[in-house]
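The structures considered in this document are given below.
You will see two complexes here that share chain A, one where it goes with chain B and one where it goes with chain C.
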Partner chain A sequence: MSDNKSDLKIGVFICKCGGNISETIDLEALKASLNVEVIEEFENLCSLNGRKIIRDGILNKNLDRVVIAACSPISHEKTFQDYVQPLNAYYMDMANIREQCSWVHDDNEKATAKAINIVNASIEKVKEAHAVDPIIIHASDKVAVIGGGISGMNAALSLAKQGNKVTLIEQSPSIGGHMAKIGKVFSPVKIAEECGMCLLNPILNEVVWNDNIEIITNAKVISSEKRSGTFNLVIEKSPRYVNPERCISCGKCAEACSKEVPNSWNDNLSMRKAIYKPFSQAYPEAYVVDMENCDKCGDCLRACPMRAIKLKGEKEKFPISVGSVIIATGHKLFDPNLRPEYGYDRYEDVITQSELGRIMGVNGPTKGKLEKLSNGEVPKRVVMIQCVGSRDEKPEGHLYCSRVCCMVALKNANIIKHKYPNTDVVICYTDIRTPGMFEKYYKHGQANGIRFIRGRPGEIVKKGDNLVVRTENTLKRQFEEIEADMVVLSTAMEPSEGTKEIAKIMDVGTTEDSFIKEAHPKIKPIATDVKGTFVCGTAHDPKDITESIMQATAAASKVSEFVHNGIDIEPFIAEIIEEKCTVCGDCINFCKYKAMTMEDNQMVIDPMTCSGCGNCMTVCKQQAITINGNIDDKITATIDGMLEGKKDDERRILVFLDQIGYTAADNIGVNRLKYPESIHIIKVHSINRVRPSHMQHALENSADGIFIGEYPGDLMYDEVENKIERLRNRLERRGINRERIMFAKVYIPYFTGLANKLIAFDKEIAELEDKE
Partner chain B sequence: MKNSKSNNTYEIKIEDSPLSLAEDIINDIKFSKEKGLLKCVQCGMCTSTCPAAQHSNYNPRDMIERVLEGDKTILEDDDIWNCFYCYTCHSICPVGNSACEINQILKQISISEGKADEKLKPFLGFADSYYSMAIGAIPSNFFEEISEDVPGWWDFRMKLEDIREELGLGTISPPQEVVDEVSTLLDKCGFKKCIDKIREADE
Partner chain C sequence: MKQIPDKDIIIFKSCLITVEYPGIESSTKYVFDKLGIEYKILEDQTCCTGLGHYSDVFDQFTTSVLGARNFSLAKKYNQKHFVMMCATCYAINKKVANILNNKSEVREDINEIFKESNLEHLTYEKGDIDSTKNLFHVVDILYKKKDELSKHIKYDLSDFKIATHHGCHYCKVHYDDTIGGYRNPQILDELVEACGCETIGFYDFKRTTCGSGFRQRYANKDLSMDVTKDKLQSLKEDNVDILVHLCPNCHVQFDRYQNYIDDDCKTIHLNIAQFIAIAMGADFNKVIGAKAHTVPIESILTDLKEVE
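After this line comes the complex of A and B, so read on.
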C-alpha cells in the first residue's frame, strides 16, 4: 500500500473566492510549494465553470485524489463531493483556507505559510482516504413548531397541508401572539391600515381545524436531546384549571371572580379577573385561571354551569419525538424604563407604540378612543420618538435598526390624523426608513399632515401641565422644546425570553444580540447550524408580519425537503464484522449513544445514532468492530501534513475539533475576529477518534501544543476529559510538559470565547517555550 | 483649509481629504471612543441635552459635522469655548461618540497652535494659584459673577477657613514647602513657559 501512495495522482484546486482568499494569501507562493500532478486556480471554484475545471483535471490527468483549497467544508463540502464525480466523494478533501486562514489573519506572509500547511495536511489526508458511500436516511415527518404567533401558525399550517404531523407548542394560554393585540396593521400597497384580528382570525381557525396539527398551549419545551436524526423533546405543560372540553366560554366564572389584576394582554392598561380569557378570539376557546393571583375562594367553581373548573393541578411533563423543529419563539419590546431620560415611569402620558396600539384598538381598554391616560382627554399634540433602544450603543441598547418602527409610527400617526384631524402629530426621527413600497406609505402620512422633525430627543420634562420634548431640529440647527400632552416611544424589538431559552435548549447558534442565527446570512437564511432545526419570524431578527409569514412558509418548505429527501449521514461510523462477532452484547451498554441493539441474535448499529466515536472498539474482545473510512491513518497523515517543513523558530499548535467546535471556529472567521497564525485546526468526526497515540505522535514530531475542544453536551465529554488527563500524566513521564495539551469546552454560539481561548493557549505555549 | 468657497457653493476638491481632522482627533491620546466619531449620524441627541446649547450658540452636533467635513475653521470658532465639560453628551450619545472629549481636543489643538491665548487669559488666575497655593483656585476675576449667580457663595467663601477649622480640617492651602515643591515641578515641566507666553500675548 505505502508504495502505491507515493504514486497517487493528486490534483489541488485553489479558489480565489472573489478576492476573499487571494487578497490575503499569496497564491503563487502556495502553488510553488506544491508537488502534485495538477494545480489549478479559479475565481469561484464552486461555480459550474469551477466544476468543469475540476472534472477536466480529473478526467484528463487520471487523478486519484483531489484537494480543494477554498472555504470551509461546512459551506461547500457537498458541492465539491458532487463536482469530483466520478471519483468517490471521500477521495476529496477541503483545505479550509478562508474561514480558518484568510479571514482570521492579516499578515499576508504568515497567512500564506499557514495556508501551505493546511493544503499539505489535506494532501496527506486524501492519500489515506478509502472509498466509502454516504448513508441516506429519511427523517420522520413529525415536526415540532415552537411558538404560536403568526410565524409559528403559518409554519404549522403549511407543514400540515403538505401532510406532515405538527405539534404546535405555545407558552401562553392562547395561540395568536403579538398580532392578536396589535390592533391595525400597515399595508404599503393598499396605503391603508387594516384590522389585524380580521386577518389573523381565518389563519387561527385553519390551524385549529387542521387534523394534522396538535396545539399544546400553556406549555414549553424544557429539554431536547438529539439522536442523529431525531429530536426527543420534553414538554412541560402548566395546568389551565379549566377543562377546555367542558368550558363554553359563558364568562359566568369571571363575573363571579372578585380578584382584579392588570390585564397584560392590554399592556396592563385595563383590569381583568384572576379567571379570564386572554381575548375574545383566543384558542383554546376556554377560560384559564391565573393561579399566581387566585385566592382559591371557589366563587368561580360555584358559578360555572358546566363544572369545568378544578382549582387543583400539577405541571405535567411528557416527551415527543420529531424529525425536525421550527423555532418561532418571537420577540419582546425594549423596556422603556432603561431610558430614564424619557420619563416613562414618571409621566403617565409617556407611553409606548404598543400601548398606543391597544388604546387605538377597538377591543382595547378605551374601545378605540384616543385618550390620555392621565385625564381621559384627547391629546392636542402627540410627539413620537423613534429609535428608543434601537440604533443605540448605550448599555442595554441595540446597535441594529428594529426595521418596523418607522412604519408602526406612521401607522399609528395616520390613524390619529384620520380620527382626530385636530391633533398635531410630530415624529422625531434620525432617519426615516421606509424601504421599497413603504416610501408610498411615508408620503401618504405626510399628505395626511403628520409632521416630521429630524432630531433625536435627549430628554422629556414636565413644564406646568404639559410634557416638553427637548430636541435639536438638526435641519434648522435649532434647539427646540416641543410642548406635547402625549409622547409615544417607538421601542426596539428584541429577542423574547423564550427565544433566548430555546437557543440554549436546542444548542443553536445565536447572534451577538441573542437572536437565533441562520446557518448562512446570505444563502441559508432559514436553517440554523443544527441540522433539522429551522427558524422563522422575529426569533430570527426584527421583521414585520409579511416577512414573518414568508419566512415561516419557507421554513415549512425546508422541513419538507428534509423529510422527503432524507438525510445524508457521513459513513464514518462503526460496523460489525459479523464473522468475528460472538454477540456477547458487551458493546450495548458501553455505547454512550445507545446505538447498539441485539436483533434476531445479531448486533445491529443504528447509523442515525452512532457518532463514530469508536468507543465500542475498545470493549470488543473479538475485535469485531471497525470504523469505516480508515480514520486513524487519516488523522495521523493530517497531523504529519500540518507539521511538514516546520522551522525551529516557528510555533505550530494543532487544534482538534468536531462538527460543533469546527462550526464555532468557522464563526470566528465569519465574524472576522483574529487568532494567531500558529493555530492549525483539524476537523474530526468525533473528538474521541483522536487517540492518545495521535497526540503523542504530534508532540514528538514538533507540534508545540495540542488543543482539544469538546462540546460539554457530547455524551463522550467526560470520557474524553479523563482520557486526556491520563495522557498528560503519561507524557509527563516522557519529559513532555503536561501544559502542552489543552482541553476546553466549545459551544457553537460562543465563538468569541473560542477565539480568546486559542489566543490564550498560544500565549501560554510561547511562555512555556521561553522558560524551557 | 483646503476647502474653498466660491459663489456660495462649498466645493470638495479631488485632493481634499476631509477625514484628516477626524483622524487627528481619533489618534489623540485624550480620545477614548475609538471609532465613535466616524459613526456619528448627526441625530442631534448631544445638542438636545447640552446646557451650553440651550444658553448659547454652541452646538456639539454641528461641531462634529464640521470636524467630519475637515472644516478647520472650527478651531477658531468662539462657540466651542462655551462647553464646560458636563459630559452629558458623552454619556447619552447613541453611537458611542464623545462631543465633549472632541471639544477638549479641538481646544488643545487651538491652544497649541497659539490661536487661543485670548481665550485662556481669564483663566490665568487658575495657573497663578498653583504657584501661590499649590492648588487650582477660582480666580478673583470670577468672584463678582459667581456671587451674583450663586446666592450665599461669597459668604461661604469668606467663612471657609473658619468652617474648616471647626471641622478640624486645617487650612485649605498646604504648607510652604509643598507650595515650593509644586512650583519647582511646574517650572521644570514647562508650565511656567506656557503661562508666560499667554501673558505676553495678552500684552
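After this line comes the complex of A and C, so read on.
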C-alpha cells in the first residue's frame, strides 16, 4: 500500500438501494465523473453479496481507501466498517447520497451534480484518513456503593449477586437507613400498612451474608480521583471504640454507662447511653461509643465480659480502587423550625411525621402507643399539615413536591384510625397527590373516617390546653380554626448533607435543589454526568421505597453493562504529548466534559469522558495535545471535495453538523421534505472541531455560505456561539459579509425546523449575491 | 449579612411620619446622633407615592418617575444611601430601583419625560441606585449599631411588657434584604433586647398584618378593623404595655383606632426609634412627640427608673 496521497488506490462502491438512489441520481453520469481505481455499483450493497463485491474489490485491486456511496452513515456505517476488513475501519467513508440527496431533491440533473460533489468530498476525506483502532475500556468489576440505606443495600446486593465485588460505605454506625426507623410502610395494592423492619431485615441479612459485599460503617468518602475508568477513592473510617469481632451485644456496657443522651434513632424522643447500639437489628451487631458524649469514665470497660471496648482510637484513612460508583446517599427532612408559624419548638405536641412514625413504632419510645408528648394521653384530635417545606415559594422552602408525604400522612392517619377509632384525624392538604394505585389508598382512608380540608394552615397557636390550627378551607372559601391536641407536620424531603458532600467530592452535577442530577431526565435517569458514576434513591430526588429499590436495581444493571462489555469509545479523542506538556493545568478548566486531571505531576485525559471536541488543543500554549485521526486535515479535504468544480453561476452552501444535527438532517430525507440542492452537509465528530480557519478557508475558496448547527444541550454550545461571533467580526475585516455564516440550534425531532432554516439561509445567500 | 452604612446617608422623609407622628423623625435623628451616624434630611425630596400607589391612585410608572427624581438627590448631595423610616417607602423605593435598573424601556421612557420637561439633571442611569446596597430601613442601621446601644441607655424599661409588630412591607416584600427573618421576624425583638429589655417573644397573631391594607381601612372598614382587633385582643390577653413598630402606617392603624375597636385595651404604641430614644432619655415633648399619640404614652411610661 502506498503512503503518497496521489498514489492511493481508491475504490468507490455505489448502492442503488433498490431504486431509492438510482431513480433520482444518474449513476452513469456519477461514475463517469470519477477518476479512481475501482468503481462498482450494486442493487443492495449492505447485503452479504454486497460485502463480497467490496471485499473482492479491496483484495483484488489492492485498494488503500474505500468510499461507499449509499445511505447515511447513521444507518450503516458499522456495517461497512465491518465489510471493508482487512482495511482499517476508518479508511472507509460513506457518501450519503440517499437521505441527503436522492430523498431531498426532485431535479435529477441537479441531484446528480450534487451527488458527484458528495462523493468527491468523501474521496478527498479518505485520502487524509489515518488508521485508528476503536478504544475499548474494561471497567474493573469492583464497585463502590456509597450509602447503606434501602437503595444502597439493594444496589449492592444486585451487583454482588451478579458476581461483582462491592464495597458498601455507610456514614453511620449501622446500615439500614431511614427505612429501619420508619415503623410501618404503606402498600397501596393490599391497602394495608406493613411492618417496615420485617421487610427490611431479610435484605439487610442478605447484604451481610453475601461474600461479595464488604460493609464499611462509620465511614465516608473524602476524596475521589478518576483515571481511565478507575476511581481511586479515599475512605475515612471513624473509630467505633468497640471491636465488633468480640462484642456479643450483651448490653452490659450500656447498663453500666451513666451518661444519657437523646436517642437520634428515635428522633430524640427517648434517651440512650453514650455507648449504645443504634437499633436491635443493627449491623454490625456491636455496640458503639458516641465519643462526643463519652466522659471516658471506664465503667463500660469494666462491665464488658468480652473486653471488646477500647476508648482510644484514631480516624483511619485508606484508599480503594473501583471501576464504578453508585451514589445512594439519600435525603434528610426539612427543618420544621424554618416554619416558625407552626411552633414546632414552642409546642411539645407539634411533631413531624417522622416522629409520629417513631411514636407508633413498636420499637419506638412508647412501644407503639400513640401518646401526646406533653402528658402521655391519647390525642382526641390529630391534625396533619401537608407540604411543610414543599411546594413553598418563599425563601428556605422548596418549590418541588416531595412526592411521598401524601402517602405517609395517609398511612399514619390510617394506623391511628385503626388503633384509635375515637381519635379524629384531619389532614390539611394543598392537593392530594396519590397517583396510580395510591388513589385507592386515599379512598380507603376517606372510608375510614379521615377528614380532609383543602388549605394550607397559616399558623398554630396554643389556646388554653389546646392547639389551634388556623387555616382557610379553600373549597368552602372560609376561614377555620381547628382545635387539636396533636399536630403533625409532613416535612419535605431534601438532599442529605452526605449527598451534597459527595457531589462535590466526585464532581457530579447537581440540580438547583442540590439533588444529584441525572445525565438526562428522560433517557438516562440513572447515569450522572461523570461516566461510571450512577445515582439511585432519594439522593436523586424525592421518592418512596419501591421506586428507590427499582432505581437501585437499575443502577446495578448499568454498572454490569460497564463491567461486562467494556465501553466502546470512538477513537477520535484527545491525547497528551508528554514531551511537550509542561503540566500547567490550563486545559483542566477549559474542558467542559471534566476529562482532564492532573495526577502524579502528569496531565491525564480520561478516554471515557473526552468527547474529542478539541477545546483543550486550542488553549494549550505548548501545543501538547493532539487528537487522533487527523481530523483537521480531513475537514479541509472534505471542504475542498465539496467545492470542487464549482461553476460561477452555481451556489454551494456548506452545512456542518454533528451526530445530532446530522440525524435531524437525515430525518428531513426520511420524511421526504425538500431543501435546495445548494445545501451540502458535512458530518463532523464535534462542531467545535470545525475551526475558524476551516470556515475561512471554505469562504475564500468559493463557498457561498456556511451553516453551523448545534444542539443547545451540548456542553460546548455557548463556546461555539462565541467563537462564530468572533469569526464573523474577523471575516468582516477581510471583506466577507458576516451574514454568510449562520449559527442555528438543531434538535433531532425538529427536522422540519432545520429544513426551513436551510431553505431560508439559501434564500438569504441568494439575495446577498444579488446585492453584491 | 448585607453591608450596612453609617455615613453618606439621606434619611428619607415620610409623609405619614411628618403628618401623623413627627416624633418618629426627631427620635430617629436623636438616636442617630447618639450613635454617631452621619445623615442628611432633604427639603427637596418628594413622597414615594406609597399610600396613593396602594390605593390605585398612582400607577407604577408615575411611582417610578417620582422614585427616579428622588434617587437623583443622591448625586446632587453626594450621599449614596437612602434610609427609610417607613416600611412602605422602603418597599416602594426598592421596587422602583429594581425596575429602573432592569427594565431599560421604562428607564428610557422616564428619562424622555425628564428631557421633555427640561429636567435632564434628573436623568437616571442604570445602576445609579442599587436596591440592596443603597436602600435601607432605619432598623437596618440600628441593627448594625445594636451592640453600641447599651452605652447610651439611661432608663431601664425592662419592667414593661413589650411586644413587637413587624411591618409587612419590611419583612414580606424583599425577602432577601430582610434582616432577622421574615417568617417569624425578630429584628425589633433583638433591638429591644439590645436596650436591656425582653419582649414577650411570640404571641398569637404576632405575624399578622396591622389590617390597614391602605384603602381597605376606608373601603372595607369592618374587615380592616376585624384584623386589627385580633391582634389587639391577643395583646390585651398578654397584658402588653408597649407595642413596638417600624412602620408609621401600622402605627396609625393601632394607635388611632385602638379606642374605637376596644377602649379597654391599654397598650401604647411606639416606633422603635421612639422606644430607643425614650430609653436614652429623650424629652417626651421635644423629641418623642408624645402629644401626637392618641393612646397617651404617659399612661404607661411614668416614673421611669434610671439604669444602675
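Keep this in mind: the second predicted complex is superposed on the first by the 439 of 772 C-alpha atoms of A that agree within 3 Å, B and C clash if a C-alpha of one lies under 4 Å from a C-alpha of the other, contacts with A are read in each partner's own complex, and residues count from 1 in each chain.
Definition applied: contacts are C-beta pairs under 8 Å (C-beta built on N, C-alpha and C of every residue); 3 or more make two chains touch, one makes a residue touch a chain.
Everything numeric in this text was worked out from a predicted model, so none of it was measured.
For the composite obtained by overlaying on chain A, chain B and chain C cannot both be accommodated without a clash. Look at A:Lys394: by the touch rule set out above, it reaches both chain B and chain C. Once the two complexes are laid over each other on the shared chain, residue contacts for A:Glu128 go to neither chain B nor chain C. Of the two partner chains, chain B is the only one that A:Arg477 touches; chain C does not reach it.
By the touch criterion defined above, A:Thr430 lies against chain B but remains apart from chain C after alignment on the C-alpha atoms of chain A. When both complexes are overlaid on chain A, the residue A:Arg346 reaches chain C alone and has no touch with chain B. Counted by residues of chain A touched, the larger count belongs to B, out of chain B and chain C. Of the two partner chains placed around the shared chain by superposition, chain C is the only one that A:Leu338 touches, whereas chain B remains out of contact.
Within the superposed three-chain model, A:Val461 lies in touch with chain C and out of touch with chain B [touch as defined at top].
Within chain A, the residues touching chain B in one complex and chain C in the other are 341, 394, 459. Of all residues in chain A, only 338-341, 343, 346, 394-396, 459, 461, 463 touch chain C in the complex they form. The residues of chain B lying in touch with chain A in their complex are 41-50, 53-54, 59, 61-62, 88, 91-96. Chain A meets chain B in the complex at residues 341, 387, 391-394, 397, 430-431, 454-459, 470-474, 477, 479.
Within the complex formed with chain A, the chain C residues making contact are 175-176, 181-184, 202, 204-205, 207.
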